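Heads up, the next two complexes both have chain A, just with different partners, chain B and then chain C.
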Partner chain A sequence: MGSALTLLFVVCFNFFLFRIVPSDPLAHMLRGRNISREVQDNLRAAFGLDQPITTQFVYYLRETFRGNLGISFHSRQPVWDEIVERIPATVELLGVSWLFAAVIGTAGGVIAGWRRNTWKDRLITSSTMTLYSVPDFWLGIILLTVFSVVLGWFPIGGMQSVGVRLQGFEAFLDHLRHLFLPALTLSLAYMGEYTMVTRSSLVEVMSEDYLTVARAKGLRDKVVRNHHALPNALLPVVTLAALNLGFILSGAIAVESVFSWPGLGQATAEAIRGPDYPMLQGLFLLFSASVILFNLIADLLYMYLDPRVEAS
Partner chain B sequence: MSEPVLVLEDLRVTYRTSGGAVPAVRGVSLEIPAGGSLGLAGESGCGKSTIAGAVLRLLPGTAEVSGRVLLAGKDVYELKPGGLRAVRWTAGAIVFQGALHALNPVQRIGDQIAEPMLVHQTVSTPKAAKTRVAELLESVGIPARRAAAYPHQLSGGQRQRVLIAMALACDPQLLIADEPTTALDVMVQAQVLELLADLRRQRDLALLFITHDLSLLTTYCDRLAIMYAGRIVEEGPSGDVFAGPSHPYTRGLAAAFPRIGDRSSRMAPSGLGGDPPDPAALPAGCPFHPRCPLARPECREAEPALRISGPERRAACILV
Partner chain C sequence: MTVRSMTRSGAPGVSAAGSFWRQFRRSRQGMIGLAILVAFGILALVAPLIVDPAQFSPVVARTLGNPQWAPPSEFPPLGTDHLRRSVWAQFVWGSRVSLTVGLAATAVTMVIGTAVGVIAGYRGGRLDSFLMRITEWFLVIPFLPLAIALASVLGRSTRNIILVIGLTSWPWMARLIRSQVLTVKQRLFVDRARSLGAKSGHIIRNHILPNVSGLILANATLWVPISILSETTLSFLGLGNPGNPSWGKTLEEAFANGAMTRNAWWYFVPAGLGILTVVLAFTMVGRTLEEIADPKLGKER
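== the complex of A and B ==
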């Protein structure tokens, strides 16, 4: 119920958000070409831009609830088709990065937290924090420069090699080579979040009495960590991972642009340049819906994992 | 006489902190015979809980320990990690304070009780462990079906009983009870203490009972040791110590409990003035002298050693 209300609010908010931008979508559509006044007016009428903003809003609401996201100003294709076409690329890149960031980041946090103030802790904490504080597109550009431009180990962008026809396993390998750098960039950039949350949560749990009890029982250090400390310490990390899963669809605007990865992030960057109102509205609606959905999933998951949280 | 279950010889514990070394325990020697019981009393910060942790070598890395701890004849601080794990919970087990977070919140209590049995292989199968968990829970007055409950589903008194059941899991020779009833209301406190006393009689358990409540100790322990500023200041059979304290500090502690039916003690409760000293900056001489009603000039000079103050009694005061 709460989630549905949030979504309704997002739908309304989306409409006005993009219309605050002081820019004429028509100018972009025409790309500076000299077109007669009459044609311009026709175009305006065709997209409903001649109507008062309140009327536009009513149309927008009605059509959105019918499942019609409109026609992109830019491509003149239905927004929904444009979006669906780009979902697989984004889910693949962000999904792989999410998995690596979560698994490696959490493992780093466990090592750092359990052996606090040792050289391992310092090494892990400082390196993941450095990567986390660096802008992701900048990290992407550096990796691209080093590994693609200078060393030539990886392609400089896109999802597959252009101009050659590869099949079967070779095509798959070629695809992996394209995926590697953008996925590495995003994994490195977001690992730090998991490391810091895991570390601080573990450090907090380590001062709990039940860990002293576990040690007093004669358990091995590893058993104390894995059976008593981690099931408690990882609760907030699981929530974080589930929440971040909601951002998978929204793609990575900057990194996708750096690597010319044809996903939703790149589509967003293009649509902002318009501004392509229907496309932006469609994209943001999808992003919000996915974040809200995964928030809900995170709550349900927490209820399942933590016996203290009863269903309300 | 059989070998004592626990012997502390000149135990000293110093915590290294950023503000310098803080001596928490400054030379404590004591003995508990098999099946015997000793009550350790004192105000907060006197080092009594540090002793509980020191017996099973559970103190944090910042604690420096010297002296000897002999638990069931084994020198705890000479043991290798494997040997240490083997003594923990089988020779000596601790009943922690249940109101704090002594139970793992995301594990069922039955599993937490069964865990040490499986680790120390005192039972051969998980099924046998389950049977034993049921017995233990029944013996502390909790229905066996509650084994599937999580700690938050139990009351404070029940959690304390679970901690007792857990401590008994591997049939230890010594039970260390560290303020086991502090956060419980008086009725529940009495039930838990009766339970401990019963179990002790049935199983011939030795008990080290740590609390700030002197009146509890006289009822439940054979002997009493009073701690002040990291040292034992008085020791002896509990009834004698409570009824006729030798050390002015014990006298102050005992007087802090009003006697029922005695009007004068109710109208004028005579506690101790002042606060316990900061372990990082102890006064020179006898650490109790700033609060002592009988202090003399020479009390400022040297810290008195424990000496005989009666049959089986010792006290550390120049006046005895």
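== the complex of A and C ==
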């Protein structure tokens, strides 16, 4: 219920956001082309731009809920079709990175938290902090220059090699070679969050009495960690992973541009260059909706996993 | 020396600042971060003395007779770009723009966030639930897509970038400060002031704000790196001001003009390292301030 209300807020906000600054969408679309007054007026009427803003708002609401997000200025295709076409590439790249970031990041956090203030902890914590301080796309630029330009191990960008016909397993390998660097960049960029959350959650759990009891029973260190500490310490990590799934569509806007990965991020960068307002509007709506949806899922998941939390 | 003379002056506020500084000085992480920030601060301040922004115009760079795509060995200290402009000059100027945007955007965030947080927390009741509902709505909207939408609607200028970052990131601050105000409000001295007939404005200024100011300062310091990174990403996506190049803008131009495929590393490495260093330094100082403001944190870490 709360989520539905939030979504409605975002839909309304989206309409007014793009109307803060008065501008003529038609002028953007025609971009200085010489078109007679009459044709312009007809177009204005066809797009409903001659109507008062309240009528436009009602029209916008109706069409948005029907799945009509307007026409892209750039391609003249429906925004919805343009977006849907780009979703698989982004979901693939971000999905792989999400998985690697969660697994490796959490493992790092467990090592650092369980052996706090050792050299391992210091190494993991300081490299996490450094990765946190780097813009993700710059990391991508560096990796691309080193591994593709200088060493030539990986392709420069895109999803598959152009100009060669590859079949079956060969095509799959070629695709993996294209996926590797962007996925590595994003995994490194997202890992730190899991490491920090896991570490601090584990540190908190370690001070609880039931762990002292487990140790006093003479259980081995590994057993205490894996069977007593981790099940509780990993609860916030599971929620974090669920929350981050909400960013699976919008999480690689700049990195996709660096690697020319033909997904939603690259579409956003192209739409900014226009600027292609209908496209930006559609993308904004989709990105927000996915975050809201996974917020809800994360809440439900947390309630299910931790009976101490009551439905609020 | 200065610390001691400050404590002797007797004013409670000054002595609190003195003890704050004494604690800060003991942290190695905090002092290293502070030293880096002072160095970059000086560089940003004297930038107009070292660099004339006119040389960012391709016409001027050509008349200067600079070579194109020159590596640092040919054109010290950092080489030139596709338009024959000195990369070192862009780095120095970029430090000024990136720091200004980072600090100014954080200031906008803090002002809105503190205002909403203090009013909601202190007043409570309906106003509180109303403000918090709005805050929650803005919290779930993903930051970068919102900033992109807002920046592309408002147009490309340094002022708009500052506004966009400030307007999109206040909800976090508002929520944090509200929870702090709620704890301070429960304390006895607030009740005493109220029973003595103090007005709300007086209580907020003299009792609430001084008690949350340490935390506000720590969070502001931790917010600057986030603002700098946001500016970098927005500029990289082409939403920055081309006439006033930040580090992010330099990275955009390097990328758009194929510095990577030419392996012209001198064009994109310095700006990135600049961002990394400044962001890391702000984080180090911010974490130290946080540990002093909230001593429980230090023990847990």
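Here is the rule we go by: the second predicted complex is superposed on the first by the 270 of 312 C-alpha atoms of A that agree within 3 Å, B and C clash if a C-alpha of one lies under 4 Å from a C-alpha of the other, contacts with A are read in each partner's own complex, and residues count from 1 in each chain.
In this text, a contact is a pair of C-beta atoms (placed from the backbone, for glycine too) under 8 Å apart; a residue touches a chain by one contact, two chains touch by 3 or more.
What you are looking at is a predicted structure, and each value in this text was computed from that prediction instead of being measured.
*Asks:* Touch check for A:Leu17: first (chain B), second (chain C), both, or neither?
*Replies:* In the superposition, A:Leu17 touches chain C alone.
*Asks:* Once the shared chain is lined up, is A:Phe9 touching chain B (first), chain C (second), both, or neither of them?
*Replies:* second
*Asks:* Between chain B and chain C, which one contacts more residues of chain A in the superposed model?
*Replies:* Comparing touch counts on chain A for chain B and chain C gives C.
*Asks:* Should A:Thr212 be classified as contacting the first partner (chain B), the second (chain C), both, or neither?
*Replies:* So A:Thr212 only meets chain B here.
*Asks:* Once the shared chain is lined up, is A:Val39 touching chain B (first), chain C (second), both, or neither of them?
*Replies:* Once the two structures are laid over each other on A, A:Val39 reaches no partner at all.
*Asks:* First (chain B), second (chain C), both or neither: which does A:Ala254 touch?
*Replies:* So A:Ala254 only meets chain C here.
*Asks:* Check whether A:Glu204 is in contact with chain B, with chain C, with both or with neither, and answer first, second, both or neither.
*Replies:* A:Glu204 sits against chain C, while chain B stays out of touch.
*Asks:* Touch test for A:Pro275: chain B only (first), chain C only (second), both, or neither?
*Replies:* It touches chain C, and chain B stays clear.
*Asks:* In their shared complex, at which residues does chain A touch chain B?
*Replies:* So the residues of chain A touching chain B come out as 208-210, 212-220, 223, 227-228, 231-232, 235, 305-308.
*Asks:* What does chain A use to touch chain C in their complex?
*Replies:* Residue list for chain A touching chain C: 6, 9-10, 13, 17-18, 20-21, 129-130, 132-135, 137-138, 141-142, 144-145, 149-150, 156, 200, 203-204, 246-247, 250, 253-254, 257-258, 268-269, 272-273, 275, 277, 280-281, 283-284, 287-288, 291-292, 295.
*Asks:* Within the complex, which stretch of chain B touches chain A?
*Replies:* Chain B reaches chain A through residues 53, 56, 58, 84-90, 93-94, 96-97, 100-107, 115-116, 119-120, 150, 152, 166.
*Asks:* Can you tell me which positions in chain C touch chain A when the two form their complex?
*Replies:* By the definition above, chain C touches chain A via 136-137, 140-142, 144-146, 148-150, 152-155, 225, 229, 232-233, 236-239, 248, 251, 254-255, 260-261, 263, 265, 268-269, 272, 275-276, 279-280, 283, 300-301.
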